[in-house]
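You will see subunit A twice below: alongside subunit B first, and alongside subunit C after that.
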Partner chain A sequence: MSQSTRRTLLGGAAAAGGVLAMPAILRAQPAAVKIGILQPVTGALAQDGEYGRLGAQIALDEINAAGGIKSLGGAKLEMVFGDARSTPEGGTQEVERMQGEKVAAIVGGFASPIVLAASQAASRYDIPYICDVGVSDAIVGRGLANTFRFGPGFGIVTSTALENLVKLNDAAGKPAKTVVIVHEDGLFGSGMAKLLNDQLPPRGFQVLETIAHPTPSRDMSNVALRIRALNPDLVIPSSYYSEFVLLARTMQQQRIRPKGVYAILNGAASNFRFVKEFADAANLVMDCNHWADPRKPKTAAVRAKAEAGGRFWLYNTPLNYSCVALLADAIERAGSTDRDKITAALASSSFAGHIMPYGPTRFEKGQNMGAAPVNTQVQGGDIKVIFPDAFADAKPVFPAT
Partner chain B sequence: MLPLDIFLSAMANGLMMGAVYALVALGLTLVYGVLHIINFAHGATLTAAMYAVYVAHAALGVDPYLALPGLAAIFFALGYMVQRWVIGPASHGDDSNILLVTLGLSIIMENALLAGFRSDTRSIDVPYGFSVVEVGNLFLSTPKLVAFAGSFVVAALLWLLLARTDTGRAIRAVAKEKTGAALVGVRVEHIYAVTFGLGAACLAVAACLLMPTFLVNPRIGNAFVLVAFTIVVLGGMGSIPGALIGGLFVGVVESLSGLYLGESLGQIGIFLIFILVLLARPTGLFGARA
Partner chain C sequence: MRSSYLPIAIAVAVLAVLPLGTSSNTTLNFLSFALIVALAAQGWNILGGYGGQFSFGHAAFFGTGAYGMALLQVRFGINPWLALPLATLMGAAVGAAIGALSFRARLRGSYFALVTLAFAEVFRILANAWGFTGGAAGVLVPLRIEAANMQFADRATFYWLVLACVAAGLVLTQAMARARFGAWLVAVRENEEAARALGVDSLAVKLRAITLSSGITALAGGLYAQKFLYLDAGIAYGSWISVEALLAPIIGGLGTVFGPLVGALVLLGLGEATKIALGHALGGAVPGVDLVVFGVLLILCVAFAPRGLLGLGANVRRLLRRPV
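Entry: the complex of A and B
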């Protein structure tokens, strides 16, 4: 009897415990929404990938801290990270893995070849794919319904860059007539070089030579020597980070001083790491590239988080921050993790909560039509905006010599 | 046509790079001369040596040039031990087995480095990395000049060792006739291991001279070994002057074809030469004995 009483008592206690625990279960979070973040964090492009991941992380933390996706009952966003290993194969393998983990969408890719391959792999499963950087115009020209590019492609960037170059040159009394183009020999650099070769001559510039180099390469002596021999007024480099740093330092070593170095979408020319570590080689280098909008109040907050712990402020961070915020907005409006619904929400997106110098998003065939680059110049150990006039904080110094 | 000083600059760059190629080729040709096999682990050993320089600089703050004597000694000892207690016993007296063992070793080393350091390209930044010496109109990179001089010093030391010391005489004896050498009291196993150690030490020196201006990733050694193999074939298998002259020649060809054909096609000249030499003079320039 006494034993049975004890058992009853224990049972009652257990039941009571269960009831007490119930409200906690009832109030539990809805299932987290998995977001694939694809970046190359090993290999030649590892630095860019790390800073891209950082931007995505800042955005996810911010969204989750503000209560997650409200239309899904406050569902949190969860990062499923994939390392593209700086190769297209690495990118597609990670997309397959993300499909296995049932992500709602994928953001990132960084380099054009990775984005091209990864977005195609994602399209087979109808996974919405937001390209963060990949500037090759082939990315949005394939009619893939799942693929969106938030930033500008190299077509937009090149025409802005050349417009501003002409403005710059005219204002200085047209000192620059001859150009040497240096480009990495992949999808991005070669595409850029072709565009420039078409568009520079009608604007009154003579292209003396177009020099290709592989990525990665650790010796730029021959490229520098050719530039020295051709003695152009302008050098236009389109390369990734390490190669341009090497070229700039080799040019400094070989005392090659053109009237201007006017980079377009260069991996280093508007990079604070380059400016801090090699101030002399970087001084007065101009770039036309992605750049966060300093007028938007949120920009300073994101920058402060990004720079915590001695990190640098690279464009990858605000771009990925904005892409993740754009996706979160689409999921919010879709009110579902259904991939087709998210894709439809992205296609009709007019998102203004990003920190890039673009208006509300408007996608046409996957391309955000408002996306635009900014011209910067390294001046006295800082990166200044020289165009557009709307938020320029310095006058261009040109010619440099 | 490019101006003369541009051509001369490219020549100088080629000669300086070629000297390091020669150093890598020296190790390969020495081992071939004595053991009569191609050491397939040569590239992986170079990669390991470059990582050793990287770690010494990044973790311990040791300048690559200061690390040189220590690393050369360590790699000599490692090379000696690997040949004496791994490759030698595993070959069971048949030289062709050595080839397979070294191939296996290279796979193990490369993957161990990949596991340890990931596939990232790494480099070290030394204050003199971009300093130059002015010679007339040419600005020659100081670390590359040091590498050039260093390679010649190593080649001279190696030649002195082979020509003037008892160990050197024993190495030459084993290279010519190992049974005969054994009969007159030369310890063949020991000499094999010493030769292997010397080859590894050459690579450690090459790594120290390269790292101030070069990069390292787990596969970087292969790029050098392919070139070094071309040099050994060009200069003649087992010939030290052949490796030196072949190295300089290949360095110049690579630099000039990079200048004239573009950086993406820089190495095409080397392999054209490789094919031509195989067709016209399979024994190489200095390789009459081979």
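Entry: the complex of A and C
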């Protein structure tokens, strides 16, 4: 009996407290807007996922510190994080959970298979989905109204890469004539190799050999030896981080020095971790990849925040930072957390507050038409932009030997 | 006869009413996936559990079913309701072919395991390279939500479809275990020479077992393809499903009717539960710690229940029944 009275008393006190606190509640923040951030932070893609999450976190903190979403009375953005576990079904499962948590939109995915599955799952609930990195052309080619890609797709990256390669070679007096292609046997490596085999000969390059390797690979000696035997002017690698680092180190150890290493969408060549840890192997490696715009003042600020935690500067971070900022802008303009309104605002967005070198966004069938990769080169322990000329901060060093 | 199907009916009935109790699509999505794995594991259990032929390459069948399902729809415009049985038959045919090649060569034990592993890898590499399967870009089944298209607006409907397949698998396993074929299969597992001496055609028995086994696993692959609507070589023929398909019966109880189902639900449920629990506790600050906990639980499971969870249950019952 005494317990029941105590409970009644407590209940009464709580109710009274609630009534007294009412004015405070009325003045308090509007409900936070939940944003799903989907990244693979375990499994084979864990490193990329972590850097993607970092970028999203920086953007969310920044937006919240600046007063949240003003059209929603200063509503704060709240991250609902999901670990895609580097698999499509892991990503789908997290989308279902995010739907349960009533997110307004989802950003991320990283790898194409995860993005393909997760955006499809999101489309069942009309959740706007912004793909951060996945380059497969199928992502925006499916007619899903909810799916947007802020970055460039495979087609535009490869055509830019080829264009710049020719430009680079011509400017140096055409020193490179023969090429060896090294690629991982997954989605982007194989597609890339096929495309290069079609596109390089008409541009005056002879492809000596195309070497495929699986991901993960633990030994690149045979690939390196084959390159030594073929002695090409140019090596074009298209691999994930670990495999390319291995290849570059093995080539360095065996003193294999082609006139240039020209990577396309490479996991390592525009990664400061590689540059810092293996400075000699990385020196003068070129890459055509996603890269933040060094001209924009905000880029340096984001980079400083990313590096403050002892992290490296990878493209995942600025891409996710920009995607979240793009989404926040859409929510701001929609003035609502209604998913259809956010989707419409994204589709009509012309957002320039991002830190990628794209210009204001313009979406056509979900693809940001201005998105383009840049060419970088590792020079003296730093990653410099060598193309496009409009904001290159260094001249290409080619041929390297 | 009387009660042998009763446990199956009860288990299926319990699983069937689950969607009515939860409106959470997260749960339904998870359960559908777990049941697909359970179905793949049921296939493995017939060959590995009852027949004692440990395959490390059931991905070859799972992937064939999955690719069959996706490609029949995408490339030939075949309705999924027809594509699913066709994909199952394709998987069974691949199983029969691999079985004929390896059992005729009298491969058994670790040699058979290695050969199946190799087949799965060969299939993965071929699917990755061949333009017809979409190469490394994979195949995407277009999203068109219609019941006639085996894509349902309500998650529960697909769950029930998968459950119906699992139920069929349970009944089939039970019927097989009670039939003469099941006895032959166990005889081959226990001592092939002795079985042959008693007049069991061990080659024919093993061939039938691998065909049945691969058909069921291929059905699981077909359902996977229809659930996620996207496949690439690493998903369809990747070693993950070979491992899941053999781990579930081992955890649940090798060569038992319910072993694969119990194992898959416990295994995946444990993984999901540790992920959610630790996600709440740590806020995702330490990625992968759930997998560590999951691994430890798995080791404990295998250490203390070497005959699977069902075996552990039987032990406990025996202990309780023992007069003090």
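We take it that the second predicted complex is superposed on the first by the 381 of 401 C-alpha atoms of A that agree within 3 Å, B and C clash if a C-alpha of one lies under 4 Å from a C-alpha of the other, contacts with A are read in each partner's own complex, and residues count from 1 in each chain.
Everything that follows uses one rule, which is that a contact is a pair of C-beta atoms (placed from the backbone, for glycine too) under 8 Å apart; a residue touches a chain by one contact, two chains touch by 3 or more.
What you see is a predicted model; the values in this text were computed from it and never measured.
In the superposed pair of complexes, A:142 makes contact with subunit C only, with no contact to subunit B.
Of the two partner chains placed by the overlay, neither subunit B nor subunit C lies in contact with A:78.
Of the two partner chains placed by superposition, only subunit B is touched by A:249; subunit C is not. In the superposition on chain A, contact is made by A:116 with subunit C only, not with subunit B. When both complexes are overlaid on chain A, the residue A:163 reaches neither subunit B nor subunit C.
In the superposition on chain A, A:338 makes contact with neither subunit B nor subunit C. When the two complexes are overlaid on their common chain A, residue A:217 makes contact with subunit B while staying clear of subunit C. Of the two partner chains placed around the shared chain by superposition, neither subunit B nor subunit C is touched by A:382. By the touch criterion stated above, A:42 is placed in contact with subunit B and with subunit C alike. Subunit A residues in contact with subunit B (one complex) as well as with subunit C (other complex) are 42, 46, 185. Those residues of subunit B whose C-beta lies close enough to touch subunit A in the complex are 2-3, 6, 9-10, 13, 17, 118-121, 123, 130-132, 139, 141, 213-215, 255, 258-259, 262-264, 266. Residues of subunit A that touch subunit C in their complex: 41-42, 46, 49-50, 81, 83, 87-89, 92-93, 96-97, 99-100, 113, 116-117, 120, 123-124, 136, 138, 142, 144, 185-191.
Residue ranges of subunit A in contact with subunit B, taken from their complex: 42-44, 46, 85-86, 185, 211-214, 216-219, 221-223, 225-226, 228-229, 242, 249-250, 252-255. Within the complex, the subunit C residues that touch subunit A are 24-26, 28-30, 33, 125, 128-129, 135-138, 140, 142-143, 145, 153, 228-230, 232, 234-235, 240, 272, 275, 279, 284, 287-288, 291.
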